[in-house]
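The following blocks contain the structures, represented as structure tokens.
Two complexes are shown next, each including subunit A; its partner changes from subunit B in the first to subunit C in the second.
== the complex of A and B ==
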């Protein structure tokens, strides 16, 4: 529809809406913009008064330092921990969800009980978990963090996937069973393709949860497996803050999420709205 | 190819006794239709034969082998579902080939059978499309195609036409009948639609409350129902049931309506009624057994004068409601037999085909 053909009143309302939306978008995007700009600035430019909206020249020395000092290993650690834990949580969680959805495992209340595990404030359990981890020697290793993130993500995965699986028409599975598949093949060849948007959306959220976790990573790691959020805190000092490193590291830490969400966007929208409307 | 035997099959859902001791034998190559009102257990019975439900009692035999403990995929059956059950993420060709791939059929054989089935069902031009791009009738053809490529021993249909509009349903019904003539596999077909049952079946199995009410050839059930339920279920418009009292007089008998008036029964009908004088009964007269009176009446055909109330022409036939024995009944007449509301019409009722029902037991007594 062309604006020129709208009645004046409707055009005015539309213009106000666009201006409003533009302002809100700017407000939200500004911190991101500022973060990127700082990461490209020299120390002088960072502390310049009045602030410089655009750095004099784009330079990557802030990133270079992170690579030279090996700080970027924190990103790698985060990738491993978040990637493996969400992968495991998705596989196990989807199987559990299938069992709940199709076999009525645990009756009506088990699903609710499972998601209620997610409602526990993490801070309330982090120290007991720390003591248990110390006892079993799991502190400061990949396995400990992966185990914990998997455990914390499972209820969410089970809850979400159960909803998606319930919406898959039972006849599709029954038809496949009659046609010659066994139950595992039905899950792989019928259920997975049917819930793929939901699966993708859920994967992104579990990955983001593990990626962003600060509390557990702070308490349960020391020097070996420092994740990206914990690494960031090392740049906040008593005397001074290393804004250049903070900005560069933050950009590096934001990129994987940015990529994941961009690639999955198609599925995310469908996945989140899937099941909202039947049919 | 296989025959199917059910003996003493029971199925419970919690406290609900859905199938109550069904005994049924379906011959090799037969087209059996399980029909009945919703909740009568017909779908449950079909799903039990498929192995999608486990029976709580009794045995199921397919092709001479007891299959109670076999999984659905081990029974070599093919099933067509009400909602087509097509995989939306696969093109038509892969939907049709799905069962063959599941059974690791060689690729060459898959292609051959898919194209054969596509030709048989006229879906050759749709093979590259996705289910969402098909109409309801096309989807059902694909679903049937997926079943026939399997060359299974037994075909099961679970209300396959109930999602289609009336015209398509007629078309697909013919198609399914033709299919059975071509491939002669044993078929069990579930429907709640008595027209589908009558037109498709070699044998109708009429179920009620989880039990077989009556089974037999379509016309046998229609003409010789054993119970009032069978008489009422088959036929459209359904049979008129008029309360009356039986009066016997030596070898003769008549039905006397509570609102006055009586009809003398033909001698062929009176034999079992000798000792039933004074019994309350329901007189079942099918709409088709009314006709416009004209000329001499045959033996057992009696005149009846009535006033036409609501008139519903269908083109070939015209239905009109009339009052008989104090109740509203439907008479099916020739297209131009009756034209206006309130018209006085002289009818003839063929009492040779009347059904007398004992209201207490629901059984047909004559």
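== the complex of A and C ==
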């Protein structure tokens, strides 16, 4: 009798949990759905009262307009700026992290100073940086923005990669050194393959941080290298928001992130907790 | 022939003097570029701005004579600045515990294994990784009084038309901001807490269950102490983010109505980039940095004590 009832009880609990999970997921994904759906609506459907929950037919004219007007250049700018800056930050940051992890360069103090650089609020540094950039003519150019995002991401890369490198067994490196490899070869042939997954994950996160940034881009771009979040705010305007453009641009700016993060699912927890939680 | 070949090989094996020097200095050589960039972009502007904060530069005049602490003493008389600090504190004080609570409840729901859990988790992460400006824009569409679904849903449940100007009505702007904020960042808490809860010692939980301990007692005696370090880290990361909140508010209310939802980041932006109060903005920046440094140090100290 009891044996027969237990699985039924378990099944009921499981069913309740699935219902709960479904409701929570629906609640959290509904805004995302709404955004995507608006991007496929025609203007008549967008400005329909009461709001329509399902577009009449999927059509891409909202995206076509972005391409026709050249607004997608903002996406391209974001790609260039986020791509190059995270590439540079990854190379320089990983090397620095190796030195910190293996030679203890600068001791704990240097490591703490580096991570404290990440804690500084952007609004407090963006203004002085703006003043300096105006002086050197770096405003509204690729170089200035790339330099800034590189610096912004470096503490994160160094901090994360130090953690991943510390996890590599020291004996592996020592035996490679005994076998006659020099340090560069050890880094390239022994350490790099071991930390490659962590390196990939860290790259994705640095890319996402630079891609999503709004404040720096708002201050340091004018007309030439506008990134997609800044472009998005150009569509806001009192009562006459260009909803179709807002939705389509948001989707274009969000899809790459979704893809990148889905691929990196396994490293997500460690990545967003600054390495504090190893998931 | 063989001799010279092996000599050659030996020659190649032995690092040159330049190579040896590279190898000896390597720890510093590979640290240098990163530190240089950090100093260049992090420290150099700060020093420059410290000097500016003691001068009197505005949009109209470029007065570089030193005026001492004048700008800093003005900070204390600036009611709009203190109001913006208050707004920031309110948003942080409400949003942070809410995110933690919602994240914890979500983690509780998904802690036991069930088929398809990974898919749910992967989907629930999405709000956290999208750009905050996109999150703000999305909720602006959601909240719209005529074309958004929120009013429609509320009207459905109320049985009569509900017309709330979420991003304009003083009574609703804060709830709007906090809903958006909690929506975006509860999944962050959820992910970290789920990982922390999975690491709680199962044997202890089973022992407690056999002893017939109540859920609340198990939570207080076993679960919370085990996940406390993760909660601390999560709150520190999110707390620092909330104190500098800018994007979501920019997209939702732009600090309005009036300056009702103006946070300290928005106020600094307005002073620096629409009023062009150069020297004064520099002084605000340093006030913010000083405040955050004090708070962070205190929190870190307490976390160390708790350990």
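In the analysis below, the second predicted complex is superposed on the first by the 255 of 279 C-alpha atoms of A that agree within 3 Å, B and C clash if a C-alpha of one lies under 4 Å from a C-alpha of the other, contacts with A are read in each partner's own complex, and residues count from 1 in each chain.
Convention: a residue touches a chain if its C-beta (ideal position, glycine included) is under 8 Å from a C-beta of that chain, and two chains touch if they have at least 3 such contacts.
Keep in mind it's a predicted model, so treat the numbers as computed, not measured.
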Combined model on subunit A: subunit C and subunit B, fit or clash: fit
Subunit B versus subunit C as contact partner of A:206, first or second or both or neither: neither
First, second, both or neither for A:179, with subunit B first and subunit C second: first
First, second, both or neither for A:190, with subunit B first and subunit C second: first
Partner chain in contact with A:62 - subunit B first, subunit C second, else both or neither: neither
First, second, both or neither for A:28, with subunit B first and subunit C second: second
Superposed model, subunit A: greater residue contact from subunit B or subunit C: C
Which of subunit B and subunit C A:122 touches, first, second, both or neither: second
Cα-centre angle that subunit B and subunit C span when viewed from subunit A, reported as a multiple of 10 degrees: 90
First (subunit B), second (subunit C), both or neither touched by A:169: first
Three-chain overlay, closest Cα atoms of subunit B and subunit C, distance in Å: 6
Residues of subunit A contacting subunit B in one complex and subunit C in the other: 180, 182
Contact footprint of subunit C on subunit A as seen in their complex: 14, 17-18, 20-21, 24-25, 28-32, 34-35, 38, 46-51, 53, 92-93, 95-96, 98-100, 102-103, 105-106, 110, 114, 117, 119-125, 127-132, 147-148, 150-152, 154-155, 158, 180, 182-183, 208, 211-212, 214-215, 219, 228-229, 232-233, 236, 241, 243, 246-247, 250, 253-254, 257-258, 261-262, 265, 268-269, 272-274, 276-279
Complex contact set, residues of subunit B against subunit A: 50-52, 71-73, 75, 77-79, 81-83, 85, 87-89, 98-99, 102-103, 146, 150
Residues of subunit A that touch subunit B when the two form their complex: 169, 171-172, 174-182, 185, 190, 193-194, 196
Partner subunit A, residues of subunit C touching it in the complex: 13, 15, 19, 23, 26-28, 30-31, 33-35, 37-38, 40-42, 44-46, 48-49, 52, 106, 109-110, 112, 114, 118, 120, 122-135, 137-142, 146-149, 152, 183, 186-188, 191-192, 194-196, 229-230, 233-234, 237, 240, 243-244, 246-247, 250-251, 264-265, 268-269, 272-273, 278, 281-282, 285-286, 288-289, 292, 296
